[in-house]
């Protein structure tokens, strides 16, 4: 089971100039073969299907815990795409007509972000194709699964670097800077697991792709905070044996790898504005707000919304 | 972000007679269009893409929180399939040969459970096709998303009923009994959300499919415990406004609907035995166990595994 | 636009012994690359996308009219599969329990016929994969489209022959006997169209696959009725120019090819019994019948159902 | 079986400025999950697989008849796309060279409309992916199928609204204006069917998405003609019991719902010009016309084409 | 088994102005339904699955040998796409930063050529969808397979013509000119095979699509060299009986068809420059070169690379 | 370009008892994610897309050459499946009827082997799904591609082991014995390439999966012949620098790795008998043989077939 926390793993900038084609490119990090849905679902299935957990507990704990972090990554990729699409049509209802509200969006690379979705992320890749369960590898053979995971993180790092180069929207840069650091930790973790199981020295392969993480400016704040050498334990009580596998020195910086109890502090999520002409969440969002307020009162809840969000200045 | 808890939402029986074809049928509840991956990912994406959360907070809280519960459901479906496949090949290494270790499994309906997976669940449906992102509906229009969700839970209930009829393996029956009750709660929740937003009276449609839940014997313990009228709040602090939407009477039993803080107690997961001849987690699982023990010691962790599991009597 | 007639192109036998695996094989004729959905949709799209219809009217009329007949073919394939699945679970509600109602069906090759469908046909092929728009070829180049269509009918004939060999259920035999004769007409029609356009002599390729149609006993009644040499004009007033293309001698029998105004007489459809334990159309079908009767009366319609069906003796 | 009528359900404007990207967006209404192929095939399969038709005749008649209307809708979507693509390459052969005939089209979002198709509609969605049988839902459970259909029409209405906003080509506007009105009728029809079966009051959900249909200018002529409250009976003799289900008041206008015998008058189809440099229907379309004329004469048919079309002034 | 020769079937121009959208269009000739992967894999599977080869040797030899040539065609399509993408990002490392290295490419139609691939060809079609085994037709029925192959080559010719019209990049023009001539030979070969087996006169259908090959300027050099009437025997010793089937006159030119022993001379492949900012083959390609040189020396190989390439002037 | 040689990489036994379900399982080694189509196409695309070949020549030579060997592996998998399906219907025409010729095959797991194929291999996996281009990884980053290839061969080895365990048909055992040895060589080759590039010691991971190759009896003859330590150079003149990368000691046996010029001797292919009732290659194969003989004579070729095959005693 999981508990959910309405905070983001890192801060994202507020909406600025919308950039649909850039948002379509960022989809690769969501639903691509090496996107975050893949990392999330690969490790989740591997943890579900783990046999003889007690016999291989440190490895189980590592995989199961990284799976938990990856949920936060699909959340961030979605938030980034949604930020980049905000304002692609008017964010207020205006004259109440819908005529031409999406002018120009017919030329967007991924039109389904606007027709199927509400100016929003889809479980698709950058060519507009859906994520598929065929992206999951869970053989049950521990060394083989770890070999896969190391490869998966390597390919994912490549994808993040290339999306970084392709897209200069501030939200995308904030995202890729964060994901490169955190994905780098997972890449090291799986390499260390293989080393600890087989004796093969994989640390010599880092960084792979062969560019120092610190060369990416948006990675620096996360490195400075130490997030490049740290696994957070995403559980109240479980996954206590990660440190049996995740240990030694960081292959790029030489820092000692460490395990931290609990999730990172993260940031309050931005509450993105409605897109009423696209019926998100309605053509008249204020009517929903009224109903919500009434229902809240009827239920004896506070008059104002209880959830905490960041209301970013656009 | 999420925190993960290594407990199951409900107890499952230990492995008994393996039944690969039945396990292949249960895959529909995993990776089918109306399986648990679909409910999980639909509500997750809807919650990620929710705009103007503050304006529609009770509805956001409802959707985001149900998403969290669904993670526990894919976990249970996987555990059920894995239980049903345990022992389909010898669970000990025996003479050390691999010759004919999977005799007979060539006739199994889903051979990839044994070739790609480790006698284990796959993100596929009952015809062996992968789950796909095309199963996600997240339009951003609140009424429309809720309409979809009500339909989704209705179709999911149908699938659970039919799998129940088709498969009599004890693990599958325990699973479907549980999922029918919990999915029924979600079906009601979305219907109530629509009622509260639009005034349309959907309670008259229950039960749909038109058979009383209490007619299914495996549902009774969960109904007796009250799980048919209860939403658990799967978060330390968030999703406080569910009760603004999830209220009124249960359409089948007349009980008052209620929101409970925190997850259900659930049960310790069964630790399923290795399948060494299928290299799960290795041809020599005991070697991995030795390495794990050594790594644990090196890291200053207890000598014995720290994680708690249920070691079911086969 | 179309008008629909509730009659079948040919008579089918009533349900007898259910045969799920045979029904799964017959799916190839529904949703396979060369199944009836493909012939229907190929000719339909070609007719929709036909440019300069007036300039090429006889060819347009031929393609558009054959498209119309193909609708009746998908109807018949569905009816056949449904017939073969009738009785795979009890056709009456019995004791009102659902326990084990689908015993044994977990071993069926296509479990989705029972989980997703109501003991019924799906838009899938014989390996349980969905029909896809990629099966449609409509290049807009007339000779090329006709070349494709001749190939398509040739491959479809092969599939029908092989399904005939594989499945001996009476409904499947009645179906394939009919489809072989009617598909044979279309194969000739496209070959004649190419001959009339280019001068290439394709009649020498018949029969292809190289076995005389009259060797298949279930084809004989249709040949005797003359249906092997006849195109029906499936329209009140349109498609008058088919005879400009569909003319000359039948390559197997030497009969003169002919065009007949209006659809064939066909047969009343069998009204297949409910599968209440599978909730088709409900767990209590008689309740629906009562509601239907009441609604009919309220609307001033006759007390008894107005539609004509054949109530086959099982 | 069906009869086909070579008339369109509504008039479309002649080709004007070609707009490939807009045509690619309109594909969502053809081959998208909620496009017209989906509505057509969903209701068609539901009608094929309907068991105990006599017991539930009014509901069968409704579904089977709406299926028939949907054929006319895929026809119109195709015609619209074809109109929007006309002239994207020269419509005359010119100097007989093919060099650069499709200059610029490499930047079109859906290049297969020009490479696979003949400047024409494809069975694909707006991201260039094929329609698939997985879009069909036909559970056999009547209430469940109707629940699905109501959801399907709701999502389809959303897609039409968003395509309307995105595309201002006159053909697309004519199409969406028409489809919004006719799809709205089907949405009401399925809601009424559920109400009549279960007592749940769904009329309160209209309009959904929550914008009055009359706000869309291109809908007005159809509303004025009364097409928003009318089901046409698309059959010479069958489907007589629709009125038992489709009755009461229109939820937006309060008009009495009504059933009309026979199809709407519609309009003559436009005969779109050839695209000879793209080989549609040939590089030398006039040669085909000569052959056609000769074949017509040889067959004793009139010298001039018999089919009636509208030759629109470009 | 095969032997591989590092020469191209024809010369291609060096990289010039990169044109990503044109390269995306050319993908249709790689991974489209009628692209070179399809011709290659269709004939390959037909040759693998050929039963009774001795009884039908000339036909087997023809199909197996054409399969071998098609490998060279996928090689050329890849080389063309790679040429067209060269320089889309800087081809030197410059200041060592990766910031903005792929500016502008977010608007490219196929972003995966840059994210998944290294500015390179993918096994996809022009809409960015992967080639699939469903494109293979290998029925085992000889006449039917040949009928398919004739259709396949006809549709492939159409695709090449349309890509020719759409794309004017010199590499694409060189490619399509070559493929039109060589594909034309295969089209004739399969038509002749059918004629020789059945007596049907297919030569009258040529050219199809109905435009003379010699009208395409880039085809002329290949026609002048005689490559339009020639099958090369791609084997040291096998496939001696092609001439039993591939004989008679060329349907367009009247030249005598002929079989030539051995592959064409072809041309040295261009060695395309690295794209270091996209990590192809590395961020520091010179380091790899140093390692390679050292490894060569250690292994007693020449100091300089032994492979022959053409180093094209950009 | 390639030259093709009509010899198999290893000998296969003649047809014995047909085993359709086993043949369906072996499909995983053909069209599965880790089957031979994947290894073939991955290395082929990597070699096509290799930039700066001269700078990284030894690595290019290695990848391009292994690609060439993989063609022979898909050939062998096809031959194995075809062998296992031979005789599943009568291999002679008998009484000339087709009635019931495929009795029983409706229960086969992969019915398309008989309906779409001619008792033959398909480009599908063991669940009957087609191979797809999404299985290809070719990032252009050399270290990353090699990392992938090492993982790919590891997963492929797992699949071969599990198919070995599942299927005891003599042809499948001969196949898997051979592929395990040859795939093992490729696994070592890619590991060595990574070691030589980065210094990471991967040899310690062997064998992976962790079972000695020599434990599989069917591998022994190939090990004894030395095929476990040998790369064949599949080219007349190219790929001279493999030894710069493929060197050092075999991680399981300690033997010195070596490069051998030219392909292995292999074996003559078995000429599998026709399946006339399934129209492979015809209902009357002897007629085709007569035509072939006549065509051979007309072309001045020897009267008897020139190709060499092994005519296995059934």
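When the chains are written out, they are named A, B, C, D, E and F in that same order, and each has its own residue count from 1.
The working rule: contacts are C-beta pairs under 8 Å (C-beta built on N, C-alpha and C of every residue); 3 or more make two chains touch, one makes a residue touch a chain.
Note that this is a predicted model, so its numbers are computed, not measured.
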Touching chain D and also chain F, the following chains: A, B, C, E
Fewest touching-chain hops separating chain C from chain F: 1
Chain located farthest away, centre of chain E as origin (C-alpha): B
Magnitude of the superposing rotation for chain B and chain D (Cα, nearest 5°): 180
Most distant chain from chain D by Cα centroid: F
Chain copies touching (chain A, chain D) - same or different residues, decided at half shared: different
Euclidean distance of C-alpha centroids - chain C vs chain E, Å: 40
Whole-Å separation of chain centres (CA-atom averages), chain B against chain E: 48
Length of the line joining the C-alpha centres of chain E and chain F, rounded to whole Å: 23
Chain F: positions in contact with at least two other chains: 33, 109, 116, 124, 128-129, 134, 137, 139, 141, 143-144, 158, 209-210, 278-279, 282
Contact graph of the chains (line, ring, star, complete, other): other
Listing of all chain pairs that touch each other, if any do: A-B, A-D, A-E, A-F, B-C, B-D, B-F, C-D, C-E, C-F, D-E, E-F
Of chain A, residues touching chain B in the complex: 1-9, 31, 37, 41, 44-45, 48-61, 64-65, 67-69, 71-72, 74-75, 78-79, 82, 116-124, 130-134, 136-144, 196-197, 234-241, 243-245, 247, 263-264, 266, 269, 271-275, 278-282, 285-286, 288-289, 291-292, 295-296, 298-301, 305-307, 309, 311
Residue ranges of chain F touching chain B (in the complex, touch as defined): 19, 21-22, 24-25, 28, 32-33, 109, 125-129, 158-159, 161-168, 209-211, 215-217
Partner chain C, residues of chain F touching it in the complex: 89, 96-103, 105-107, 109-112, 114-116, 124, 128-129, 277-279, 282-284, 287
In the complex, chain E residues that touch chain C: 33, 134, 137, 139, 141, 143-144, 147-148, 150-151, 154-155, 158, 194, 198-205, 208-210
